[in-house]
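Structures follow.
One chain, chain A, appears in both complexes that follow, with chain B as partner in the first and chain C in the second.
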Partner chain A sequence: MIGRRVSYEFMSRVAVPLLSGAKGWRRRLLSRKGGRRTGPFGPPLECARKLKELTARHYLAGRYADGAVPVAWVTSGFPVEALRSLRFHTVYPENHGAICSVKRLVPELSEAVEREGYSRDLCGYARADLGSLAAGKTPVGRLPRPDLLCCCTNICQTVLYWYRALADRFRVPLVVVDTPFVYGDALPHHVAYVVDQLRELAEVAGRIAGRPVDSAGLVESMRLAREGTRLWDECLRTSLARPSPWTGFDSFFHLAPIVAMRGTGECNAYYRMLLDELKDRVARGVGGIENERVRLLWDNLPIWFHLRDLSTLLAREGFNVVCTTYASAWAEAGRRIDPADPEGSAARAYLHVFLNRDLPHRLSLMKRLCEEYGATGAILHSDRSCKPYSIGQIDLKDRLVEAGVRSLVLEADHADPRAWSAEQADNRLRAFMERFP
Partner chain B sequence: MSGAAAIGIDAGSTTFKAVAIDGGGRVLARFLEPSDPRIGEQAVRALDALSTKTGKTALPVGATGYGRKRLGAAREITEITCHARGAFFGTGQPGVLVDIGGQDTKVIRLGERGEVLDFAMNDKCAAGTGRFLEVILERLRVPLEEVAAYMERAAGSVPVTSTCTVFAESEVVSLVARGEPVEGIVKGLHMALALRVSSLVGTVPAGVRFLMSGGVALNPGMVAALSQTLPGPLAVAPDPQFTGALGAALSVLA
Partner chain C sequence: MRAAAIAAQKKLGRKTVVVLPILYPRELFTAMDVHTVELWGPPGPPRGPEAGRIQPYACAVVRNALAFLASGGADAADAVLFPHTCDSLQGLATLVPDFGGWKKPVLRFHHPKGEDRPSARAFARAELSSLACGLERLTGETLDAARLDAAIALHAEIDRIKGALLRRRACLDLDDPALYRLLRRGEFLWPEDHLAELQAAEGRIGKERRRRGVPLLITGYVPEPMAIFDHLASGGTFVVADDYAAVGRRIPLGPPARGEDPIGTLAARTFAMPPCPTRAAAPARRMEYLSALFRRSGAAGVIVHVPKFCEPESFDVPAIRRLFSGIGAPLLHLEGELEADLPAQSVTRLEAFAEIVESARSAP
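Then we have the complex of A and B:
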């Protein structure tokens, strides 16, 4: 146990930063010879390299985590603050699924579970995760075995069945935080119901960690989570500038820390750095794309496996996605976190996440984003395997059109390229762009 | 013949269309062939044919259709914009344009100035497209030019419930095996397709006029079926198969 702990701490604190530092030097030397990136984009964000390091460090440390520290696998919308204070190493299968998707591994992984009877219509992340276990393959080397599984139904109901399948496989406890769907605002009994479950979570997690949740530690991670959310929000708000210093597609990558490292000092240090860089770009008039002509809103998850081609197609014509409901979702709910009321505020924050709220709320957020960010068009990604996010999009689109926002529903999937028809999608996107003078 | 000013090519998934127009947008010559996978050679053939008819060469070319990117034209524009432009040029009226092509069905809302206000297309599936009809009519051995006669002879419409091209084909086979009259099946097919297309229209204000373009508009059976299912009066664009090519030509007219 002590040996495992030493290697975990060594890998996460010393070895990876050193390794990535050396890699960074090599790249800097090479880039001096190679010159600037060309194409329709602005100069790349310096922080992109830091983000890679942060992610690599997290996954590399994870290889040494089991047996060294308690390990929990958690859903993106799970109230992790109690786990942070108990020093759990957290694994986010959704984040892992996104990495698998960027690397175009999902069809192979999915086929491994489709053979076991899982439907292709299930969430691409769930299929990537369960498929990765079935096939024994992952692009991150190795994921540590969980001691605890934590899912919160505020993003979808699929996670419940997905995590039950994981619990069955690993034979470890599963904590479910059930969040009733919110119409308008959450009612007091909804909050009380979630608070009860948070107490149960603290008890189970404390038992696994071998010590109870200490309230000072919990308050501190709540404070960090709120601060991280504020920083992330500020980063997003730099896109109010014209040109926007980055693209919404960039933000999809840079939201990894607020999803997977929320409530840690590391997460916040990263966003301070990113914010500085974005503010500097705004001051110097540096844009995410070279010639920003039309500003757009993006709805739903990214099409991970096609992000580069898609952003290039748009950027070439001067179209920049400057706001997204997906990246904003992590800035919106976290505002409710209040370290003075750890349980109640966490319950309210995690109840009010974007996907747990009704369509009028979604519509008002989309309209507000379009107005604030000066977006005159919207792309609504109808995500084949994320039903909760995609339902209602036809009506949302019609309402946006009525409000004067040219809108397109684009059919794709966040993870599975088998649900992607390149030619049809390209045609729809071009027809959409032709509508802008 | 003189006065040709621009050429428009619509390299569709099923047919290849090209027109030469004069400075006022009047069509002077047409070219039509089934789509050839050697699209570059087909384009050369089309340009040669049009230049023989108009006596002009080196005219600006606008291209649309799925093959547009392989033509090296001065402008490449999607069929949505081209059909809208071509149809509005013919009528000068706002409304809803329905274009049933080989693999795509488009419902395009046109504004007062012919601008595209919004559009909807069939999802990633050939249900509700020209190909759907083609596949099944072929299976029934009904030539396209006889469709109208078949529908006139039909005593009633035999419902075809599948909207998937592949499943509808097997459904039709079993309807034939059950002894249903071919005339009734043909009518049922057109109704199924018309309903599918009409569902793309969604809700429209009362009094909206509909206009149809694309090769399927030459099928009177389809026009009749759509007239029944659409929530407003339907007219067919002049020379509907060439609407996209006309729009492409108009887009490069100086």
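Then we have the complex of A and C:
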């Protein structure tokens, strides 16, 4: 136990920063001289390397986490602050699923669970995660075994079914924070329900960690979570500038810390650095793409396995995705967190997550983003394996068109390339781009 | 049939609420003198072009429901109730009233998800009270505790008989198509009328075994198309144990435990239901339940009948497969799209399955 703890602390605090520091040193020197431009894109963000380092450190430390510190597998929208204050190592299977998808591993992993009887129609993240367990394969080396599974329904109910399967497999407690869907504003008894569940969570997590949640630690992680959300929002808002200093596709990668490290000083330090760099680019007029001509909104998850090709296709024609509902979702609800009222404000914040709110709210957010960011077009990724995000998109598209936003519904899948035709999608995108002057 | 039932209740001055799947506290509606009609699709091709407002990778239940509502199929009703059963129904619950398809009042109902726990108990109570307020607004009447008590007793009796008919079906002189038609008439009949029919059927439970053929356990979502039972019968099989979300899974495991008041009794009922993936029951508990059902009923094989694109049901399929392969029971996984009739390929698979189960049963 002590040996594992030492390895865990060494890996998370010393080894990875050293390793990545040495590797990044030469490249950093290069980029300070102005960086290299790649294709139709502006110079790459220097922070991208820091992000890789952060992610690598997180996953490398994870290999030594079980047996050293309590480990929780957590859904992206889970109220994680109590776990932070108990020093849980948290694993985000959705983030892992995204990595599997970028590495184009999902078909292989999915096939492993399809053989067990899972349907190919289920969420691609769930299939990637369960498939990774079934096949014993992961691009991150090894995921630590969970002591606790934490699932919040504010992104979808699919996570319930997925985490039930995980609980069955690992035979560890599953904490569900059930967040009733919000029409307009959350009802008082819905808030009370979430508050009650947060108390139940604190009890279970405290039991597993071997000590109770300390309220000062909880307040501190809430303060950090709110601050992290604010910083992330500021990063996104740098795209108000013309040209936008980065692309919405970049933001998909850079949201990893606010999803997976929310409530930590490390997350906030990262976003301070990213914000500095983005502001610097704005001041110098450096864009995410070279010739920004048309600004777009993206709705739904990224098509992880095709992101590079897609962004290149758009960027070549001067199209830049400057705002996304997905990345903005992480800047929205956290504002409600108030360390002075840890339970009530957390309940309200986690209830009012974008995917847990009605379609009028979603439409108004999309219209607001288009207006503020000057997006004259929208791509709505109709995501075959994410039903909660996709139902309603056809009506949303019609309403955006009525509001003067040229819009396209693009059929794809966020994780699994098997149901996807790159050629067909490219043709549709080209035809869409031709509609802009 | 449903239209005629609505018209008959209108004549009696009752309001009608159309209810989407699966579970809802019907007792509240009965106590408020509100007639409910359930909308499981309806099966068959969508009634109108509006189904196209939901992508084809969502289940036929929500696509058909949207088309049905938007084409005016339920215009005779006074309100719609959306239980928050799954992501797709949740999506429908905002899509239809907010973006078109239904202009009359909307009621919504959340079931607590996960296992029984104090927070879920308190929430179930609060949500029931909130729904009661919605019904009071709809009817202009006040919920009366004595009437709710009576409604709870009425539905408990309905559930008792339904349970008895399902459990003792081997001795019942009704075949599967007739039994399921009878049970499912509760989806649109006024409860007292349904009770009368059920009582008549209960009198047909004999002491002797009447059913011959290969007994099967069936688990899944909704028995659509109903022709599945004709095909099962013609293949020499019959359903001896039911775990359809629309049928067996809605019958409480025991008589209602009395709460501190009628709403408390109803809240307790939420946790007395057979384990269902849509309410996130632990798989281990569900598998235990299915395994006991299988053993108790003497079933010789299992059919898993789920709609395509149904996440809650589909996620449990591997565990169900594991469970029954572990005890050597033949299993058929049938995926449907709420067709009006069973596709030829499914019919062939059912026939082949019947033969497999029969030969496994007669093997020494």
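By our rule, the second predicted complex is superposed on the first by the 425 of 437 C-alpha atoms of A that agree within 3 Å, B and C clash if a C-alpha of one lies under 4 Å from a C-alpha of the other, contacts with A are read in each partner's own complex, and residues count from 1 in each chain.
The criterion applied here is as follows: a residue touches a chain if its C-beta (ideal position, glycine included) is under 8 Å from a C-beta of that chain, and two chains touch if they have at least 3 such contacts.
Only a predicted model underlies this, so the values are computations on that prediction, with no experimental measurement involved.
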{"item": "Touched partner set for A:Val401, first chain B, second chain C, both or neither", "value": "first"}
{"item": "Partner chain(s) touched by A:Arg430 [first = chain B, second = chain C, both, neither]", "value": "first"}
{"item": "Chain B versus chain C as contact partner of A:Phe170, first or second or both or neither", "value": "neither"}
{"item": "Partner chain in contact with A:Pro360 - chain B first, chain C second, else both or neither", "value": "second"}
{"item": "First, second, both or neither for A:Lys387, with chain B first and chain C second", "value": "second"}
{"item": "Partner chain in contact with A:Ser421 - chain B first, chain C second, else both or neither", "value": "first"}
{"item": "Chain touching more of chain A, residue-wise (chain B, chain C)", "value": "C"}
{"item": "Touching both chain B and chain C, residues of chain A", "value": "411"}
{"item": "Chain B-touching residues of chain A, taken from the complex the two chains share", "value": "398, 401, 406-407, 411, 421, 423-424, 427-428, 430-431, 434-435"}
{"item": "Chain A partner contacts - residues on chain C that touch it in the complex", "value": "52-55, 57-58, 62, 84, 86-88, 90-95, 98-100, 108, 110, 112-115, 117-120, 122-123, 126-127, 129-130, 277, 280, 282-284, 308-309, 311-312, 314-322, 333, 335"}
{"item": "Parts of chain B lying in touch with chain A, wherever the complex brings them together", "value": "66, 77-81, 104, 115-119, 121, 123-124, 202"}
{"item": "Residue ranges of chain A in contact with chain C within the complex", "value": "113, 116-119, 121-123, 126, 153, 156-158, 160-162, 164-165, 167-168, 174, 176, 178, 180-181, 183, 187, 189-190, 192-193, 196-197, 199-200, 358-360, 382, 384-385, 387-388, 390-395, 399, 411"}
